[in-house]
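Each of the next two complexes has chain A plus one other chain: chain B in the first, chain C in the second.
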Partner chain A sequence: MSVTSGNILEVRGLQTQFNTLDGVVRAVDGVSFDLARGETLGIVGESGCGKSVTALSILRLIPPETGRIAGGSIKFEGEELTTLGEEAMKGLRGHRISMIFQEPMTSLNPVLTVGTQIAENVVRHMGVSWRAARERSFEMLDLVRIADARRRLDEYPHQLSGGMRQRVMIALALSCDPQVLIADEPTTALDVTIQAQILDLMLELKEKTGTAIVLITHDLGVIAETTERVVVMYAGRKVEEAPVEALFAEPLHPYTRGLMRAIPRLDIEADAAGMRPRLQEIPGLVPRLTQPIPGCAFAPRCGFATERCRAEPPPLVDAGGGHTVACWEVDRVRASAL
Partner chain B sequence: MTAYIVRRLFATLPVMAVVAVFVFFLIRFAPGDPAAIIAGEDATAEAIAQVRAKLGLDRPFMEQFFIWILQMLQGDLGVSIFSNLPVSRLIVQRVEPTVALTLSTLFVAVALAIPIGVVAAWKARRLVDRLVMGFAVLGFAMPVFVLAYILIYFFAVQWQLLPVQGYRPIAEGFWPFVESLILPSVALGVTYMALIARITRASMLEVLAQDYIRTANAKGLATDRVLLLHALKNAAVPIVTVIGIGIALLISGVVITETVFNIPGLGRLTVDAVLKRDYPVVQGLILVFAAAKVLVNLIIDISYAFLDPRIRY
Partner chain C sequence: MSEPSVLEVEGLVKHFPIHGGLLQRRTGEVKAVDGVSFSIGRGETLGLVGESGCGKSTIGKTVLKLIEPTAGRIVLAGEDISSLKPGAMWPHRRRIQTIFQDPYSSMNPRLPSGTIVGEPLENFGLSSGRDTDERVARLFERVGLRPDAMRKYAHEFSGGQRQRLGIAKALSVNPDVIVADEPVSALDVSVQAQVLNLLIDLQEEFRLAYLFISHDLAVMRHISHRIAVMYLGRIVELTTKRTLFTQPLHPYTEALLSAATAPDPKRRQQRKRIVQGDVPSPANPPPGCHFHTRCPYAMPECKVTAPPLIEVAEGHHVACLRRPVGGDPGPLSVPG
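The block that comes next holds the complex of A and B.
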């Protein structure tokens, strides 16, 4: 484990599990990554691979009735979060680490005004008056380019479009100048033109504030446009990590390659309905996470799979230049065409 | 909002008109001839006819109806057959205890039920939840008069903390007034509390699973703010609906409680009037109870608009 050098967040061997009727779901099974100050890290993977659970684990928002962090360590500025007291954790949430959720339509409280929902965060963490917090809320709405921000403060979420609600969420998340912003598929629920605007806005604000961002998405196109480094997740595990150029120049994991063939590419024009052509899905299904997977989780869907793949989990190995991959057959993969 | 309230107020008029017509015909078609009852058991046919003429019951139906409507619009609900006092006066005399009992019961029930329901939902499926909800089921299953006698036995007879029965008007001092209401309100309120607590728990559980509650927690807000502002306000509409239904139930419950605790309210007046077939009084009481329910409904409807900005008016 490294010393806290430039890293604001260090996740090591994170394991998060849920008790369900079918058994224990190992939603996150030994994931590690670092986030440097001011960096934008992407986490990518298919639906259900544990991206949201990873994000919620960092904020310790896993519903305690069914889920728990079963192992590993999460260090924020050198401080261990997995064992931090609940009150101290509350002091971090929305203040030093904040989050934007996947579903803008349902993430804001329908019966409270937008102004109240932003201002309460400011009052909670900055110890200022409601009046000052309201002024701050106005500035934030203005910053995320909501027109007529002063009037919007007194509006309810149902009076705003999906794109505007996500802007409100961004304003809320950044209202106390967090060091880390976790954006969990912030644009997935929005239509394509709005998606680009929201991503641009986030990057622009990041430049201004120096906030480090964990950007979660299942869209490699978004990753290519916005992040510096990428973690690829599959079935609750990290299968590959690389600087973004290296990943796109030479993806080393068969799963990453599969994802790349499936990219709805941003450089291909959207059709009239605003949809880009979907290229190629990876055949097969994500494995059930209730049974421990003995070998490589991707083996049932992998064209390179061997006996060893099914029997022994591949360790993460350094492929040079900050590129790591967990695949037994990496040399064969490298030699093959994309 | 004001326009909405005015509109809702006007919308209650047809309802009240229907109730009035219904009451009039109900009484006219009910079995038993009031004239014969009033005239007494051994009255001659002639005497009965006399009484009938005095009450105006010999006139054509429509005429009776219009006279009645006209009087009612002037606030005249007729005269009691037995006491010869105006019905409106009888009702006004008896209204204070009933209103006081209804409001204090409502207060007891809501003040206990909402915290219980909120805590139960917050600690769902844990010990506190099971205890509190078990208690609520017990309360719901307990007949009002049984609980009333148990309460009287302990609090009034054994420990002598509170009066056994009777009602003290507020004019005789606030504390005696409150004392006289405690046992009846608790007896009456417990069933009702159970009902509201259950709906509060169910509604809160649903709300606590929503995404915006996770957002509230992601702000690091204090638990009470998340529960009482973010969640409860969203859970309020079904709770308020059940409170409204409960008030309707309460009005029937008042009849029993007033009898058990010997409180001279509208419930007792109703029992007496029905037993004596004092038709004008019964008519007047039905109208008053109906108006009360319509009013409660109106208040509930208007409160929805305050609680949920998405409800359009």
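The block that comes next holds the complex of A and C.
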């Protein structure tokens, strides 16, 4: 056990699968990454690439009727989570590892007041009195800058705006001082000005509390502005990982490059000339996850693909400076223009 | 624009009644659209941007005459359609078509996609039988679908392909104007790029006018020629996209631009000015300038007087008491 390492979370070769009518979905297919203490790690990729399933696997929230962790290891503070008993897992969730979701209504209880929900979590994990827990609820609502926090304690989730509900989720998630906060698309459902407030709040609280954050999003703008290191996923696999500056300065995987070229850019010269430059498309569609993918999952859409790419999965290789990439042709990719 | 506009909207108002209490009496109204004016020329995209609930879709539905305006004028290709009843509206319907965020919800799951795309052609009596099939096959090709996919059902297509079906259907009757309400919001970026490119190509080929609704500023900037920024039922700024992005004059536009994220980690050093507070309810908007509750530059008068949208510089319309005609376009000072 490497309790001495600076990593609070170590995920190795994670495989999570679901049984469906179309066959076995390999939602997460051998993903590895580390989360250092106090770090903000981004996980980015298009819908269906396995981001949420990765998060749910860490919290052991995969529905047991259809899904299971089929392989790999998840270590939190050196302790193996994949085999941990459900009671012990319950002690971790909402306490030492917390999660916030895209739609707060799915995780807030509609029939309990906001104050009661936060207090319940605090009583359960910290074993303090109701009175102390209620005071903690107030402090938390105040911390996430909900105006008039004392009054809001007695309100129900439906009485709050979307932005306020997300603040309550954050207050709830942070109420027991977790070491890890997993935020799955926390601002995707919010308006831009409210998104900016929430992202700002998360970063500010991270500075205060030292909680490490896994921020999951499909939005490269959110990744660029909030994370320190980034994992890029495609079809259930990690294809690239790098410090955020390096990833945006020189993306090395053809898929990451494709994503970056596909986003509309703010381009003053083109605006002035009244031009609308063509966006670079990534041709084709993501592969089905029910069929085994023998080689590189991106091969059918990749301009660099060779026979080897279609036959053998590319291993992750070290590209220097903490940058790793899973691509057979990385030298050719690197030599080509961005 | 030297040529006449193909769609002109003047003083458009749409209020929805609010019913409450035991007897469901009318207790108030939502001023979803509160006196909006704009025009769009052939081949032009006017972008409509603003936060959830500000009235974008309501404008779209009203100009499509899917809902009746409370007041105001809608002139489509020179005809005033504001008060046309459904029967009289019918011949004009062909001219203005729509593309939705989720085309699937409006498609009959039991009909083959070719039939769905051909429906408007048959409904407007523009073609029938084999002729329709041939036209639909050409439309499929034009939007990047294989004609043999005409036999497939909507659920057999991916999100991006369904959006192509929706575009083919809207295009089939050769409209002048297309109202596109968040057409790429549900799509992944790689597919979004395919659909935006297609929309631009079609616009240039057929000189289509687009009323393009989106909350995504980067998408908006990519596709629009001019952009209208909305806040709580009103347009607060309307100008060319270049001016909007390089010299925004309305404080709300400034707030939107600074809140938008960009795929550039270097940008985060220039820490943003984030506007605080929530968007007020459109059922109970603040008096005076709707933005005064969140505006860092608000003066006492802003709580009382609603600023009209005025042309402060050529082609640059702004609704702010602190932005007079010919005023200094520099940054505003924070009072106090």
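Assorted remarks:
Keep in mind that, in the parts below, the second predicted complex is superposed on the first by the 312 of 338 C-alpha atoms of A that agree within 3 Å, B and C clash if a C-alpha of one lies under 4 Å from a C-alpha of the other, contacts with A are read in each partner's own complex, and residues count from 1 in each chain.
Keep this in mind: contacts are C-beta pairs under 8 Å (C-beta built on N, C-alpha and C of every residue); 3 or more make two chains touch, one makes a residue touch a chain.
In this text the structure is predicted, and so the values were computed from the model without any measurement.
In the superposition on chain A, A:125 makes contact with chain B only, while chain C stays out of contact range. In the superposed model, more residues of chain A are touched by C than by the other of chain B and chain C. In the superposition on chain A, A:93 contacts chain B only, with no contact to chain C. Applying the stated contact rule after C-alpha superposition, one finds that A:110 touches chain B and leaves chain C untouched.
Using the contact criterion defined above for the overlaid structures, shared-chain residue A:208 touches neither chain B nor chain C, since it reaches no partner. Shared-chain residue A:156: touches chain B; no touch with chain C.
In the superposition on chain A, A:308 makes contact with neither chain B nor chain C.
Chain A contributes residues 59, 61, 65, 89-95, 98-99, 101, 103, 106-112, 117, 120-121, 124-125, 156, 158, 169, 172 to its touches with chain B in the complex. Per the touch definition, chain A reaches chain C in the complex via residues 46-47, 161-164, 191-197, 199-200, 218-226, 244-245, 248, 258-260, 262-266, 268, 271-272, 274, 276, 278-282, 285. Within the complex formed with chain A, the residues of chain C that make contact are 51-52, 158, 160, 188-194, 196-197, 200, 215, 217-219, 221-223, 225, 241-242, 245-246, 255-256, 258-268, 272, 274-276, 278-279. Interface residues of chain B facing chain A in the complex, by the touch rule stated above, are 124-125, 210-212, 214-222, 225, 229-230, 233-234, 307-310.
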